[in-house]
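Letters A, B, C and D mark the chains as written, and numbering starts fresh at 1 in each.
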Amino acid sequence: MTAELLKRVRDFTAAELIGKDQHFDSLPEQPTAEASRLHAAGLANWWIPQQYGGDGVSLADSVDVVSELAYGDAGFAFSAFLPVLGTLMLQHFGEEELARPALERLASEGGRVAVLGSEEEAGSELVRTATTFRTEGDRLVLTGDKYFSTNTDAADLLMVLARSSDDEADFAVIAVPRDTPGVEMVKRWDLLGVRSTGTYRVRLDDCSVPAAHRLRGNGLRVLEAVLNASRILIAASAVGIARRIRDLSMEYAAAKRLRGAPLAENAVFAGKLGQMEALIDVMRNQCRAAAAELDGVLAAADGGGTGLHRVGTLRSALAAKLYCGQAGWDVASAGSELFGGLGYTQDHPIGKLVRDMRYVAIIEGGEDIMRDLLYARYVLPARKRR
Amino acid sequence: MTAELLKRVRDFTAAELIGKDQHFDSLPEQPTAEASRLHAAGLANWWIPQQYGGDGVSLADSVDVVSELAYGDAGFAFSAFLPVLGTLMLQHFGEEELARPALERLASEGGRVAVLGSEEEAGSELVRTATTFRTEGDRLVLTGDKYFSTNTDAADLLMVLARSSDDEADFAVIAVPRDTPGVEMVKRWDLLGVRSTGTYRVRLDDCSVPAAHRLRGNGLRVLEAVLNASRILIAASAVGIARRIRDLSMEYAAAKRLRGAPLAENAVFAGKLGQMEALIDVMRNQCRAAAAELDGVLAAADGGGTGLHRVGTLRSALAAKLYCGQAGWDVASAGSELFGGLGYTQDHPIGKLVRDMRYVAIIEGGEDIMRDLLYARYVLPARKRR
Amino acid sequence: MTAELLKRVRDFTAAELIGKDQHFDSLPEQPTAEASRLHAAGLANWWIPQQYGGDGVSLADSVDVVSELAYGDAGFAFSAFLPVLGTLMLQHFGEEELARPALERLASEGGRVAVLGSEEEAGSELVRTATTFRTEGDRLVLTGDKYFSTNTDAADLLMVLARSSDDEADFAVIAVPRDTPGVEMVKRWDLLGVRSTGTYRVRLDDCSVPAAHRLRGNGLRVLEAVLNASRILIAASAVGIARRIRDLSMEYAAAKRLRGAPLAENAVFAGKLGQMEALIDVMRNQCRAAAAELDGVLAAADGGGTGLHRVGTLRSALAAKLYCGQAGWDVASAGSELFGGLGYTQDHPIGKLVRDMRYVAIIEGGEDIMRDLLYARYVLPARKRR
Amino acid sequence: MTAELLKRVRDFTAAELIGKDQHFDSLPEQPTAEASRLHAAGLANWWIPQQYGGDGVSLADSVDVVSELAYGDAGFAFSAFLPVLGTLMLQHFGEEELARPALERLASEGGRVAVLGSEEEAGSELVRTATTFRTEGDRLVLTGDKYFSTNTDAADLLMVLARSSDDEADFAVIAVPRDTPGVEMVKRWDLLGVRSTGTYRVRLDDCSVPAAHRLRGNGLRVLEAVLNASRILIAASAVGIARRIRDLSMEYAAAKRLRGAPLAENAVFAGKLGQMEALIDVMRNQCRAAAAELDGVLAAADGGGTGLHRVGTLRSALAAKLYCGQAGWDVASAGSELFGGLGYTQDHPIGKLVRDMRYVAIIEGGEDIMRDLLYARYVLPARKRR
């Protein structure tokens, strides 16, 4: 299936994404027409399990799907795979009556589910989350401000991390339908890259939902568990952007002459591209290994999400995000110099690709956070070292 | 004088440049109002010798002037110092009747002189220049296309590198008044950074000028000699941009808290800023050393430019450009991660600063060209090593 | 089996290798007593297929075996796995009457087989090989000088790359028993690292062997095919050395205090170790992916080595060697500063580990060669890109 | 004078240092015969002011002297310039009756003065110094253990940092003659590089000296002030080692052929050497700028050392040490790969040069300490930024 699926994704990328750099870079309206066409092509939310009517593509295979989509546009890829956060939450931590219809609809209609975690003050320290929920009868009422949230405006369901107003140690993820009164998009961020996404600052003002919309388990652990998936796929988009930079370099080198010979025959150029190729291969293998590890964890999960809870944040996922952010930036930095003066203009897509690449290192935890987690979880406890 | 001049430049930067990042980033009309105010403040073309009515600021001191201006806006700084190319050409290689009135006017009226070297095919290999001049009586007629040329539209005089249509080994720099029939701005480039400059693709169509507008000496050597100055000052703008990133980081760290303490007290943050501070100091000292060396060469020049010819491209100027491109990019890359998610939006100036910084490595010869020149001129000949 | 095997290897490392840094660093006599004990522990030549009486451990699993051994001593690991070159040659390209007894003996007696490729003039360009063979009746006679060859003195069989004295396009690998008259160890190299290996400069003077000792196929392709295995395992030793550096760092940090707190709680230290941990994970996954790919190729080989020939040099193996050389050096460079002044003395093993690590980048093709091969084989041919 | 002096130093290096890599790498007896010949050549302690019978070479000029000596052997250079610590202490903080005869003897006899600062527990935190002094009548009695101290065994005078046994806030530097009873060399360190130095672990056991041997001022500030000089000159030795690596590369490239052409014509090789040349130039200019700044401070000092106290640690000196440690390591790392397999053997000096280079980053404060000082002293206080 993979080879066939991958071909379909590649065809989609070639037909719908390539050559539209300026369009995707223009903060296009959400959802984009191309997102609808991804659904029409039967490719939206490709990872949703078959029991919910989805394609059930593994995360290991999703690495290649994301690499292909990001080859076309990283923001498009990000918007397309980010619902994985919400669907994993629903599947592993949601009550059946909440989860099943939501997942079935996401499979059949190709919509979106968003996650609202980050806040301005808390930054990356989710334990400082200030959004609260309170119980009113059999309902939960949420209030707070969320800083960066992607796909939110066009989503059906918003998965909100909040803290109990009664017990500050009680964190929950609560599913809030987009059309709940009190949900407001305060602003759409004018991002530096991945600009085809819709990323919002959101206000929740006394948003009331049924108590059954609360997911099982500690909200911080729920979020941590599913972040493994998005971090790996963010890392995988670096593979796609890097491949695009490589191919644009080769296109340029075919036409350009240096010292009386084609650039493609220049030894210094060859060395740069050889280095890029190595980094691409290494990035891809790290993403695949991390995704395969997470596939294993998910397969072993008991349905109650307990296994996921126990695993927490995966070493390989942290390493994938950290490493691809760094290696991707190395590729982008090298690329930004390969095209001479032209590469310093909007007439060439490299500027966009460099800006897009930066998201890998920044979104869902910067490099310092990845390093801190790796140290605290996998180096400091001697028995976790390997 | 330097301390007083520097204070005036710093005041100008604070009053006229700081806080206008979006304005400068918007491809503003040329010349900008701020450029006129630089002249009004008596600061335009500050290096022109006193014998022509200028301030005669040395290049060593100009390093700090440029660092201050680039702290405000690197594109503004670039536009402001780039005429140094043309004024050095006029002063050292121009006939008195051409040079004196032009230099006096640039000193008193604060206008611009542009240089037109690069071409699409030739890229960085000026020896492949395809723009030609032919002799018609006591006039020279130029025809050709120039790829990247900054300040051109608003300049009074264009210094054009061309090759004789009769003798392909004969290269000349020829002064073409901006209003000469046949001079056409084909397009203004939509650059990735330093967007407050006006950088153009230019067509020259049978542009006829007096024969005395040809500068003395081989045009390639003339250009090479003066490029030392602009390369050093391009490098110096990296110092200014890096200082701005450092100061923005400290502003952010004063307000931001991490793990219950101000970010400014965080050891990892401190280490990053300590590294930045070292790079800033090293970049500045390299620029100053290179500029002082060039000041010495210019002081020893015999007026006919012979000394300049003989020196050719300076090791220290090549090293300044190469190194500041690299260290500046290191600072910009580190900076682009320091501001969390906010730093990935247009709400923060860091995105512009990263794009601006890139110009240091790219404009007037990329890193490979700097390395090749260093090797060919200063490593391969054993007696030149030191 | 893997977990049990790995435990045995780990136990062996702890019992026989750890704590003997000075011994291994002293150019010990060959074969070392520890090598004999590896055989006694049933672990020598662990990859030889069961059909020859070996353990048939896959290359993917061998990555972890090598990482464990290199954790103890990289030179020991190198000496132990390097016979994989010769055994793969014998198995896939050797005549049954040559290969079977040789492989069976290597499995049962734990001896060595060496490969003699490099020459002084040819350097990394094997096509310039000057060692020749000529046919005399049903025998081949070899003459020439080989520059770097490891395990040679203690090996039973030497696999020599030579060129026909009659046809300079005809390259062959020929098995020369160690005790053949004319084989002389000219010198043992005083290497900077992996000093527990025996690496020799070798003279072959009219060494006569049966014609059946010539392996099937072009010698250059034979060597290229099997180099995949050793390059991956060289890369895998970087994982082991890096893990050792990490663990020594944590040992040191447990005892050392900085600013009134244990070093292990210092944020800058944590960041460095977190980065190391990521690199270790990425290196290991790249080695495993490359080894799994090679396992697949070997499994599909038709016994005549044709499949191996066709595959040539693997992208993932090149990337593993290049990347682990670089990332390993990053870890070693960081490590060399972690132990303060003590780390700059022979009283601490870090100096040896840094020298050992360097071999990853240098042996069997430096970084430039890896980049060139990646470019020529996998970037330049558009259809090979992925 | 400089040109003539420099020529003498260069001649000395060529005659006495070059070609003795193995000798200098062998922990030779102290003082080395070469050190005596440096004095015989009139070059020992070249910076001692003329008022004491010395040559009074500025620190700015000393940068080049050190670069030349380190080109021959970095350990030799380190041993030769390190007495600058003690002579600056004596000159600026010592009582006339102590300082004058000591300085005059160092100028005329070319001996050594050592500094004993570091301790095992304290590491780089001198404020944790545990060596004590107590007052007994008009004498001071010192007791304690010092960890790393260079030149100690062969020195006439040891400048010891100690803390009052009565007042733990009272730190002093006290001059202890080498032959004072109770001074014991516990061990000579077996360093990884700069092995021609004599570096010792020292025990002071009730060493009694006249009270006038205590230098004026707080001992921590005295040491901090003079460390500027040695840090700059340690940085300068990176210039010398890097130049040697460059020249060895060019020697190798003249003889070596790659793909049918001399290596010296290879574009990738050229790029590496061009990069090296830039780094050498930048390192040198940073060292010179820092040294010139320190020369200015010393010239303005009031003789009582007050000016030196006030200045404390210089930004440019910190940046020089940090940067040259990093750039020097980049050059050494690149160099360690340039010579193929031969460069991984003791037959080539590159291994020694890499080990020698490491000292620049480690001795007298590692990279983290430099960054912390830069941040705390020059970034955190807004008025100190520039």
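As a working rule, a residue touches a chain if its C-beta (ideal position, glycine included) is under 8 Å from a C-beta of that chain, and two chains touch if they have at least 3 such contacts.
As the structure is a prediction and not an experimental result, all values here were calculated from the model.
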Steps needed, at minimum, to go from subunit A to subunit D via contacts: 1
Interface residue overlap between copies subunit A and subunit B, same or different (over half shared): same
Chain whose Cα centroid lies at the greatest distance from that of subunit A: D
Pair joined by the larger number of C-beta contacts - B-D, C-D: B-D
Contact-pair overlap exceeding half with A-C, pair selected from A-D, B-D or B-C: B-D
Geometric centre distance via CA averages, subunit C-subunit B, whole Å: 51
Rounded Å distance between subunit C and subunit D, as computed from the means of their C-alpha atoms: 40
Contacts with 2+ other chains: residues of subunit A: 267-268, 271, 368
Residue ranges of subunit A touching subunit B (in the complex, touch as defined): 118, 121, 123-125, 147-148, 189-193, 256-259, 268, 329, 333, 336-337, 340-341, 343-347, 351, 355, 358-359, 361-363, 366-368
Complex contacts: residues of subunit C adjacent to subunit B: 266-268, 271
Subunit B partner contacts - residues on subunit D that touch it in the complex: 243, 246-247, 250, 264, 267, 270-271, 273-279, 281-282, 285-286, 288-290, 315-316, 318-320, 322-323, 368, 370-376, 378-380, 382, 385-386
